[in-house]
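These are the structures, in structure tokens.
Next come two complexes built around chain A: one with chain B, the other with chain C.
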Partner chain A sequence: MNWIAKRSPPPLAAGGWGEGAAQTRVAPPPPIPPDQVRSRLLPRREGVSFRPSPWLISWFQLSPLSLVLLVLFALPTMLFLVVSFFDYDRVGIYPAFLLDNYRELLTTPTTLRVYISSLKFAVVVWAITLFLGFNIAWFLIFHIRSATTRTVLFLLCAIPFWTSGIIRTIAWIPFLGRNGAFNTILQSLDITSQPLTFLLFSDFAVVVTYVHLFTLLMVGPIANSMAKIDPALLEAARDAGASRWRTMVDVVIPLSKTGIALGSILVFTQVMGDYFVVKQMSGGQSASIVSMLSTEIQAMQYPPASANAMVLVVFVAIMVGCMMRIVDVRKELVK
Partner chain B sequence: MDARSEIELVAVSKRFGATMAVSGVSLRIPGASYCCLLGPSGCGKTTTLRMIAGHEAATDGDILIGGQNVTLLPPIRRGTAMMFQSYALFPHLNCLDNVAFSLKMRGVRKAERHASAREYLALVHMEQYGERLPSQLSGGQQQRVALARALITRPRVLLLDEPLSALDPFLRTRVREELKRLQRELGITFIHVTHSQDEAMAMADLMVVMEEGEIRQSGPPRDIFERPTNAFIARFIGGHNVLPTERGLIAIRADRCRLAGAPGAGPCVSGHIAAVEYQGAMVRVALATDAGEEASALLPDNDFYAHPVSPGDAATLMWSERDAHVLADA
Partner chain C sequence: MVGGSQRGIGPREARPWTFYALGVLFGTFLLFLYGPMLVIYLLSFQGPNGGVTFPMVGVSLQWFRDIFKPGQMANIPIAFTRSIELAAVVSLLTVVISVAAALGFRRRFPGSGVVFYFAVASLVMPSLLVGFGIGLGFQFLGWQTSLFTSALGAQLTWTLPFGLFAMFAVVNRFNRSYEEAANDLGATAWQRLRYVTLPILLPGIIGVAMGAFTLSYDEYARTTLAIGRNNTLPLEIYALISSATSPVLFAIGTLTTSVSFLIIGTTLVVVWRMQRRRAVMVGE
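== the complex of A and B ==
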């Protein structure tokens, strides 16, 4: 009970505050007897007997997510890794430790071509969604003053996501097709005489669809970063003579780089892992990594498919790792 | 020198939607002076400051600095610099780059702008913190950096938005002295927005009291304290009793009032003691008058303890006629 005594105020110094004041003429209350202190401070709690240690509680809180990740992510990945070394023929797969699946994959020219094609899409789509996403986020955060309007506009961005990505992909076909809405409009306005054929079943169509599907993945994280920027910083920059452009380059972009990195990772991994859009919109002219993989699965060649999947996972992980090196996302997220 | 930093507001108004934040404010602030805009929150003082800074466009009226109409100019071409209430230091730049920011915008080379920034950091005694990020500094240190960043543009007018509100009371007094010293040494005009009358009276050469978007009274602090023009001013700057008499509303300084047990010669009002506050050198005795008014007397501690009173005691508040000051209606 010693600590109680330490907490009582120090005796008043002569001539200090309160000396001779009206209030101090009242006698100070008698000290509480030590044996009563505890019961006065804490109401006695009956029936609380079990108190798990904080260590146990932390593990308990972590366990649901850990379980989900372990069962649905770690175990399947381990399975792929194991199977990727197996032997196979037309009727089955056989446990073995062969590097043939990887050797074959990495020496076929097709692999390189498909990776380059996917990377090309990823870079083009990343650049376009970054430009659009940054500007949309900028507009929503700094130009919309009313919180209600901002929420409504965010909802407008998000509502298309209530429809499945497949439907939104297919919806472009009647719009971009040879006799589709866009060509009809162009021709009826006498802008073109012939229908434009590059619109559908082309790389152009693939990029348009990707941009449509993934721009919101950029808007979200960037808007989140921008919302943390104190608007006074923009005024401070203007006060110091910065033009709008310099404010953007020297203040806004450095402060939104976490959002930019997160959005980039989301868009990049989505494009690299895509299967449906390339298949539907390129008209068979482009292949994606996953479509290569799916061909193998349909032929029941599970070991090479597993090897293919492992290479894709490692490749994307390295790319994401590089992006994380540029911006320390974890450090920034903690702030 | 002085004329360059003279400011004139001519019927300046600011409307936000349907509300008038500032209506028809006219004011002349002499060059090289320390001006405090004082008022309760929402009185338009910050909006006025932001209009002078160029961060808010005036709906109506003109703003002149050094005889030049700057109403439509951007901040950097007005020769003003602003120190923000939140300091608004760039969190991703270290102190040196924060201070050098405006030089970077002007295209000054790195070595040169860093040398200059070091000088200004030294001016505010922060030279050893150049490499730190703002988040690694205390509030008071951040404020010094913000001050250096504002001064490096060599402004004619420095605008300070509630610069002391985030500091603890001891630091506040020190920063007060330091700001005043800087203003004298630089010979430029400081405009300081505050809601604290103590701060305004301690610092201002020119004190401007605002309410509801209008200037209620402006002048040297002593003039305003001795001759408040209306009840709002008298109550807002504190230390006054506002009492109704047959001559109309009057203001009497609380430190010119005395307490007595019963009415004597001269003007007085009776009631009972509501509270006794010991303040060190003085004791403030709050009185509820029989008419339901609140009044107080600030008594030197010796006088009080010669005849101490306690809450609940009957008492009479007395003053002499020459200390009473008749107020305009309001």
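== the complex of A and C ==
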């Protein structure tokens, strides 16, 4: 009978709040008679007093994730940090502490060239996807009035994402090729007389494919941030005399910066980590850091590959760290 | 998905010019997204004498039949089965682990920041390197890399952070007063989870399951160095790209895409019906 009474706040511990606080506290309301309470749920059993601390519960809920990340992400990363100092020859690898792998890597001109080339792609693709992503998100969130239309348009953007990246990459080959769909259209419209040859197997093709693959990674997070903006704020800005541009710069961009940061991180790291698109679409003219690395892995040269991997990881970590400094992603994500 | 019914400018006002400008941009973007995809879907029905580019020389199902013929493509059907099995396991584990973690993250506690940043790091880590590290680890331990050990693990480092971030968005919208009400009515922690929290989160959870499934089904960069002897479908396709120059590749593309469509379409219908039923129940 007295399980409800037990739910009332427990008396404060002596000295916990001080005399004044304890005295001004409002008396708890009288318990409701149990026959007036209709609940399908069973009453709490008497004598169940095990109450783990909230932190303990949270840790318990996080433990599978932590375990997976530790075993499958942190340990392997530590492993290639260690291996990057190892010695090797054609037969195998030998434990050692050598800086040769790093010295070789960092003094080869190819390394610098490949990093610059990858970084160039990353910046160009980031700028294009940011422009597209921000404007598309804006259109979907602020201009589309019906929720159903918005959902349908979102789905339209997401559907190509359900096709494998490999297929989406090679899909550009019959489209951009010399006798491809795009050239055929251009010629039939008399825009060009000769087929354009720079379209396929060039830096252009690489950028186009990246934009095709990764724009959605920008649209999603930005739209998610924009959807949280109260439309009344935009109205207030307009009533206060702000132009559309000022509203965007001073209201919408600051409020959607988490989405912008998240999208930027995703696009940037995807481009830096790519090895397939560059290989397939540049026609062998450009290399990426990871394709260079995968050649070393295939040759079983694990120590230099590990050194290469460590340099890339540090590089990406610094870039992502800079972006995360601008926005406290965690605070914004986990409210 | 993004909610809310009325946003932006009021319904009676005329559309500003920006609406039309952005509308054109959006339309062009859709063309850009779908153009090349439609080309390969069309070309997969290329006639038996046609090549990998236009024009179409007749229409046939020749290239689809080729997939199932013994010979060069012999591995495709079995790789497909493997991919589906792996994706199902990855999807299940991702849901369980990321839902639990997202609920745990609602409280800030010592150590939670470390786990969060580990999840971010795991997401942004260049994909191939994850598989490289895991493959290296297996080699040191003298274990054989395989589908449900190393490859499964490599894919989880990719699907879990995604699942976690998606669940954050779902959990943020969850009104905690439902849980407090359950507490006040005397529910145990288990009853509260089983009858209140999970049912409310269910559409989001199904979304995460679907997302994890397709992420796994299409994954190649993390899996390639951790897969061992038996390839998944994307890896099998990857191996074919350099050798096959017939529309059979496009046929595989069309086929795998229709599988994705089938799975996602079914899930969407389930979620939609669930939400409608709930709306009806609330209406009563």
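Please note the rule applied: the second predicted complex is superposed on the first by the 278 of 335 C-alpha atoms of A that agree within 3 Å, B and C clash if a C-alpha of one lies under 4 Å from a C-alpha of the other, contacts with A are read in each partner's own complex, and residues count from 1 in each chain.
Definition applied: a residue touches a chain if its C-beta (ideal position, glycine included) is under 8 Å from a C-beta of that chain, and two chains touch if they have at least 3 such contacts.
Worth saying up front: this structure is predicted, and the values here are computed from it rather than measured.
> For A:Arg90, select first, second, both or neither according to whether it touches chain B, chain C, the two together, or no partner.
A:Arg90 contacts neither chain B nor chain C.
> Touch check for A:Ala74: first (chain B), second (chain C), both, or neither?
Once the two structures are laid over each other on A, A:Ala74 reaches chain C alone.
> Just to be sure I read the superposition right, which of the two partners does A:Trp138 touch: chain B = first, chain C = second, or both, or neither?
A:Trp138 sits against chain C, while chain B stays out of touch.
> Looking at chain A, does chain B or chain C touch a larger number of its residues?
The partner making contact with more of chain A's residues is C.
> First (chain B), second (chain C), both or neither: which does A:Ala236 touch?
The answer is first: A:Ala236 touches chain B but not chain C.
> In the superposed arrangement, does A:Tyr275 touch chain B (first), chain C (second), both or neither?
In the superposition, A:Tyr275 touches chain C alone.
> Could you look at A:Arg325 and tell me whether it touches chain B, chain C, both or neither (first, second, both, neither)?
Neither partner.
> State the interface residues of chain C toward chain A in the complex, per the touch definition above.
Per the stated touch rule, the residues are 1-9, 11, 15-16, 18-19, 22-23, 25-26, 29-30, 32-37, 39-40, 43, 52-54, 96-98, 100-101, 103-113, 115-130, 132-134, 136-137, 140, 153-154, 156-157, 160, 164-165, 168-169, 172, 182, 184-188, 191, 195, 214, 217-218, 220-221, 225, 234, 237-238, 241, 249-250, 252-253, 256-257, 260-261, 264.
> Which stretch or stretches of chain B touch chain A in the complex?
53-55, 74-76, 80-82, 84-86, 88-92, 101-102, 104-106, 149-150, 153, 276, 278, 280, 283, 305, 308, 310
> Which of the residues in chain A come into contact with chain B in the complex?
17-18, 20-23, 230, 232-233, 235-243, 246, 250-251, 254-255
> Once bound in the complex, which stretches of chain A touch chain C?
Counting only chain A, the residues touching chain C are 3-4, 7, 37, 39, 41-44, 54-55, 57-62, 64-66, 68-77, 79-80, 83, 132, 135-136, 138-147, 150-151, 153-154, 156-157, 159-168, 170-177, 179-181, 184, 211-212, 215, 223-224, 227, 231, 234, 244, 262, 265-266, 269, 272-276, 280, 289-290, 293-294, 297, 302, 305-306, 309, 312-313, 316-317, 320, 324, 329-330, 333-335.
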